[in-house]
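For reference, chains read A, B, C, D, E and F in written order, and residue numbers begin at 1 within each chain.
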Amino acid sequence: MLLHLSTWQEVEAYLQQSTGIILPIGSTEQHGPTGLIGTDAICAEAIARGVGEVTQAIVSPTINVGMALHHTAFPGTMSLRPRTLILLVRDYITSLAKAGFTKFYFINGHGGNIATLKAAFSETYAYLEDIQIPHAARVQCHVANWFMCGSVYRLAKELYGDKEGSHATPSEVAVTQYIYPEAIKQAPLSPEVASGHRIYSATDFRTHYPDGRMGSDPALATPEHGKQFYELAVKELSTGYWEFLQEKT
Amino acid sequence: MLLHLSTWQEVEAYLQQSTGIILPIGSTEQHGPTGLIGTDAICAEAIARGVGEVTQAIVSPTINVGMALHHTAFPGTMSLRPRTLILLVRDYITSLAKAGFTKFYFINGHGGNIATLKAAFSETYAYLEDIQIPHAARVQCHVANWFMCGSVYRLAKELYGDKEGSHATPSEVAVTQYIYPEAIKQAPLSPEVASGHRIYSATDFRTHYPDGRMGSDPALATPEHGKQFYELAVKELSTGYWEFLQEKT
Amino acid sequence: MLLHLSTWQEVEAYLQQSTGIILPIGSTEQHGPTGLIGTDAICAEAIARGVGEVTQAIVSPTINVGMALHHTAFPGTMSLRPRTLILLVRDYITSLAKAGFTKFYFINGHGGNIATLKAAFSETYAYLEDIQIPHAARVQCHVANWFMCGSVYRLAKELYGDKEGSHATPSEVAVTQYIYPEAIKQAPLSPEVASGHRIYSATDFRTHYPDGRMGSDPALATPEHGKQFYELAVKELSTGYWEFLQEKT
Amino acid sequence: MLLHLSTWQEVEAYLQQSTGIILPIGSTEQHGPTGLIGTDAICAEAIARGVGEVTQAIVSPTINVGMALHHTAFPGTMSLRPRTLILLVRDYITSLAKAGFTKFYFINGHGGNIATLKAAFSETYAYLEDIQIPHAARVQCHVANWFMCGSVYRLAKELYGDKEGSHATPSEVAVTQYIYPEAIKQAPLSPEVASGHRIYSATDFRTHYPDGRMGSDPALATPEHGKQFYELAVKELSTGYWEFLQEKT
Amino acid sequence: MLLHLSTWQEVEAYLQQSTGIILPIGSTEQHGPTGLIGTDAICAEAIARGVGEVTQAIVSPTINVGMALHHTAFPGTMSLRPRTLILLVRDYITSLAKAGFTKFYFINGHGGNIATLKAAFSETYAYLEDIQIPHAARVQCHVANWFMCGSVYRLAKELYGDKEGSHATPSEVAVTQYIYPEAIKQAPLSPEVASGHRIYSATDFRTHYPDGRMGSDPALATPEHGKQFYELAVKELSTGYWEFLQEKT
Amino acid sequence: MLLHLSTWQEVEAYLQQSTGIILPIGSTEQHGPTGLIGTDAICAEAIARGVGEVTQAIVSPTINVGMALHHTAFPGTMSLRPRTLILLVRDYITSLAKAGFTKFYFINGHGGNIATLKAAFSETYAYLEDIQIPHAARVQCHVANWFMCGSVYRLAKELYGDKEGSHATPSEVAVTQYIYPEAIKQAPLSPEVASGHRIYSATDFRTHYPDGRMGSDPALATPEHGKQFYELAVKELSTGYWEFLQEKT
């Protein structure tokens, strides 16, 4: 059930059955010479909707722009500052928690979002307790990173070995190829690719990762791989969502 | 050209041709018993992409959640606070302006966003001048509301007269029916519908507009009407975008 | 009744009769070679006090500095950032709402304030509901722009035609001449005056409007005109205030 | 020279002679049963204008609402939060410093503003250095409290002894009587008046100071006294302003 | 009783006896060629712990970095912006007030903290009333500056006369020598030392106080003096704390 | 070299040799019936100073209060909100970066700080680039968690097996016993200890972890263990610091 394709009365009915919601969060950032700028949002959205179908959970609109400041030296990258993203998450959850939602399951497509999301959850719990909404203490948020699913990780290892890398990876590129086969890109990729440098400022990042990739060979990706990753992630995160719903509050 | 389906190198090439970008902004809010919660985002996104095709402009991901605090007494509504939306817009523009974009054309689907967007533009101009990015003084932002297009307005008047109302209108519902024919909703609509009460707090809004509509009869909407509105808006806003690009800086 | 010339016990008594208050808001910004920097505050304050006399409403001190960032390339202009003005308005209303005021009628002298004021109202309604002050949901704010009164508009049209322009207009200059006849200024005004360029950054504004005027000929203003504008605005806004008081909460 | 009664070209000319400006700041808060709510703003504005006349300095519009949170349990009090006032002061100074002003002399009528003003100055110096406006390091701000002038203090002591108290004092009430003789108030004043309790929360304040006065007998005030206080303050602060202008930067 | 060396159950027991807490606050800033950068934190911490022993009060961890923006042109200085320090203090007090503490006695080692601390107290009282924690109105905060104790002042006068100065003073250096005899520094001190220039921006400060001292001769300090100052401050502030506890709420 | 026991001239000299600095960050939060509230700050500070001695690096004062909102239902816990901690870190780094420091090595004693610290680093890199301090792009921050050192983890496993748990662990308690043998606490510990529940709001945390421990048996801790942990952490983090210094910028 997609929130944006529902009416408020349908949401009201849904809340009689469940107070859980799935929120896809991605990023809009460079993904190397062949990766789509929307990769992280595309993957998160597709997988979140898949999980929504399996679990009958409602799925919110996607947070398309996340915390990608370190990629902003590449054109096309868009980023929120961490403090902005914290406020955004606080506002999202506050709106929904006032209506009765208590279980917030973020399906995330971007490693760079994790820290800020966790900070945002802490900020939000405190805010909800401060403003004393009913059931404030029962609100629970969780970030589930599809790319960290055990099954996904194992398949990526099997298919790509250490050419999976850590940004503009063949696994995430494969998922976008599966979702948007019409947008598969070709571009020269140097055989040598930087890796191992930690992430600091945007300028520093581009200096050390001149084409945007971090240790990956996205040329290995295929739409068929993408389908496999998609299905593994949907399956594993559906289980994760059910377990999350069952956690005591 | 869709930003999320592009690579950073394609954006780099685009910037050689144009420094303009189209940003769809909607809302996630109740739209009466039959209107989709995503109505404003759906319309803005579809029309923005149509304008992007006509004008060859790049289109950013959609801002799905806007300023809808007054609708938050209805379940399913999500809203940013104005100060959060201002920061979001500032962050979006700052990211893109550093990369060389100077013309920001927001295609907006929600009246409630307009004030905060305009405030955000002012905040952003000052911020960019403060941090002294190159060409800061040349950055220009514009909000174009598809539902205020003259051609759209005239057709709505002709088709619906005063049953167009001002929220959950048949014209916007029609556009969503055209985009998502599979999500056309049926629900009882009382023949009497509230209108004329100004917008204040969320509680006040729901008291005065108990089913969420403001003076509208969305049952008049058809997907065919939606196609007409869509085409009129795309045409008129494409012209608007070209004129905006030509404004001197 | 002027708040600053009252005692707290008089305010306590007033609140037994009415929970409405009028708040003048202006700006401190360039108004062309002959317009006073305080024009918008002067007009708003004078008209608000006139309305206060007619309606027996209490009138707060004037917000002298508003959102005028686009004028800051001219010396003497002072401006709040939108986020600051939002906080200011939130703080004003919160102070007064805790004491029992529920109807906030802003009489505004500056077009550039409107967007931020509306954003501030939304921010404030949500804040008051969050902190759960008594009657939070009944708080209502309204911005009434004296220069948009129908009667004012018609007289300006009649007297000045298209030489009214949109900034440093003869109508507002006339009101200041009526209020401060001792401060009527003379300065050369080029017969050609810029118009039609949209408002972006401060630097952009000064480039396109080099003497500060936007399409206006303030030399047409007279103190007698000012008196007429003043009286029309007071009359129309007094009616507006009464209607506002009668709106259901 | 009053900023609000000047044109931007007059300000431009002024800046050739001086980069100093006087900014009156008051408060809008209860002043006991007979003191005007606007007392602090009225005094600061009148004295600042007097100093402006003596020193030929430009005087900005008055900050009418300051930091008076501890008085907000009395109706009619309006207050900014400290963080809001800091932003307001930062915005005021930034606007003016960009135009070339470097010497900011705040004439203050309210003890409760002092701490926040000083914090705001520190915040602003750092901000101006961060955004690297020309002459950022030369910007100097000073708060001059008229009620702490030695000459004022001595006269108050002489006229009222320990009945001067520390809030709703006869000296400040006297100045308002001199400025607004038409607004002299009569109300019963209990002979016993609280004093000596430190200032904490708004509720605590009203509990300990039930009629709003702090150890004062404002019934001793006369308009003639007010004239004397006014003249002493104008004289002493004019000297203070000249000395401030001469401080090296 | 030191909070950091206690368990939560010991704190729970303490709260049965007292709701008071002592919070040391210092600064990390240059103190001239021979003064320790941690001077203000060292003094505040030592004296606060001394007062804690005498009064059996719990003592919180030290706020080591305060508001020292004006010293930041000297390497090694660290500072919070006033708005950050306000939030820090608000967060500290909110955490503790929710647990039942109501009396917050800040023992302060740095003049530059005072204004921001006072602003923070006002901000916090309002926040606690907004979020309606139990006993919000009874929360009381006080800043006690050890260097302003009458007994300390008199001894400094007696020992150093006008060579006490106002920054990097022999009295504070003496206390650090008493606490950390192993860190007594020797460095050339010019016999001439600047004084009398007010504090503005960091750059301005260093221009006028090139070695960091303000009118002081810290070479006069001895550890024995430090012991005397320490004991006087502990004694006087212990009395101050008891009186603070007894103030009615 | 301890920053607080240095003079600014010593720091100036240090910067000729190195631009690195170590910043200990802990927390002030409940650590079960026998763990000290200051555990995380005590461990971080001691280990950071140890690393400072080994590497000759300068060590800043300790951030004693971190992000511990989830522990605030236990008395004695103090916490910053994530947004406050982000500002604090931004201010710390900005002060030091302006003086020439570029390598910021945070030695952290609390898992709950990690997410917010990482968010703070991103926020800070962007801020420094915005304000264009020299070498902004070369600033690098790193968080090193002593309790995640491989050598520490292995020893804890060996000594305690799964009784190490994840909060109020015997390993961290042991370190505090080594540092403060005089503050070793005795209290009854139920043999059953909760574990496995994720961290959400403060109320939820206390419900699920009623005595504050998370799966740990701190009764196993001894000061001798603490010495071992301390030495392992100092050794491993010293190496980590040297590697960090050598990373290219």
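The rule is simple: contacts are C-beta pairs under 8 Å (C-beta built on N, C-alpha and C of every residue); 3 or more make two chains touch, one makes a residue touch a chain.
Source: prediction; values computed, not measured.
If you take chain C and chain F together, the chains in touch with both are A, B, D, E. Taking the mean of C-alpha positions as each chain's centre, the chain lying farthest from the centre of chain A is D. Same-residue interface: chain B and chain C share over half of the residue numbers found at their contact.
Fitting chain E to chain F on CA positions gives a rotation angle of 180°, reported to the nearest 5. Note on chain placement: the centre of chain B and the centre of chain E lie 53 Å apart, centres being C-alpha means. Mean C-alpha positions place chain A and chain C at a centre distance of 46 Å.
Averaged Cα coordinates give chain A a centre that lies 24 Å from the centre of chain B.
Counting partner chains per residue, chain E has residues 72, 81, 83, 131-132 touching two or more of them. The full set of touching chain pairs reads A-B, A-C, A-E, A-F, B-C, B-D, B-F, C-D, C-E, D-E, D-F, E-F. Contact residues on chain B toward chain F in their complex (touch as defined above): 131-132.
Residue ranges on chain D touching chain E, taken from their complex, read 67, 69-70, 72, 81-83, 86, 112, 114-123, 125-126, 128-129, 136-142, 197-198, 200-204, 207-208, 247-249.
Put simply, chain E touches chain F in their complex at residues 2-12, 15, 28, 30-38, 41-42, 60-65, 72, 74-81, 83-84, 87-88, 90-92, 95-96, 98-100, 180, 183, 185, 187, 212.
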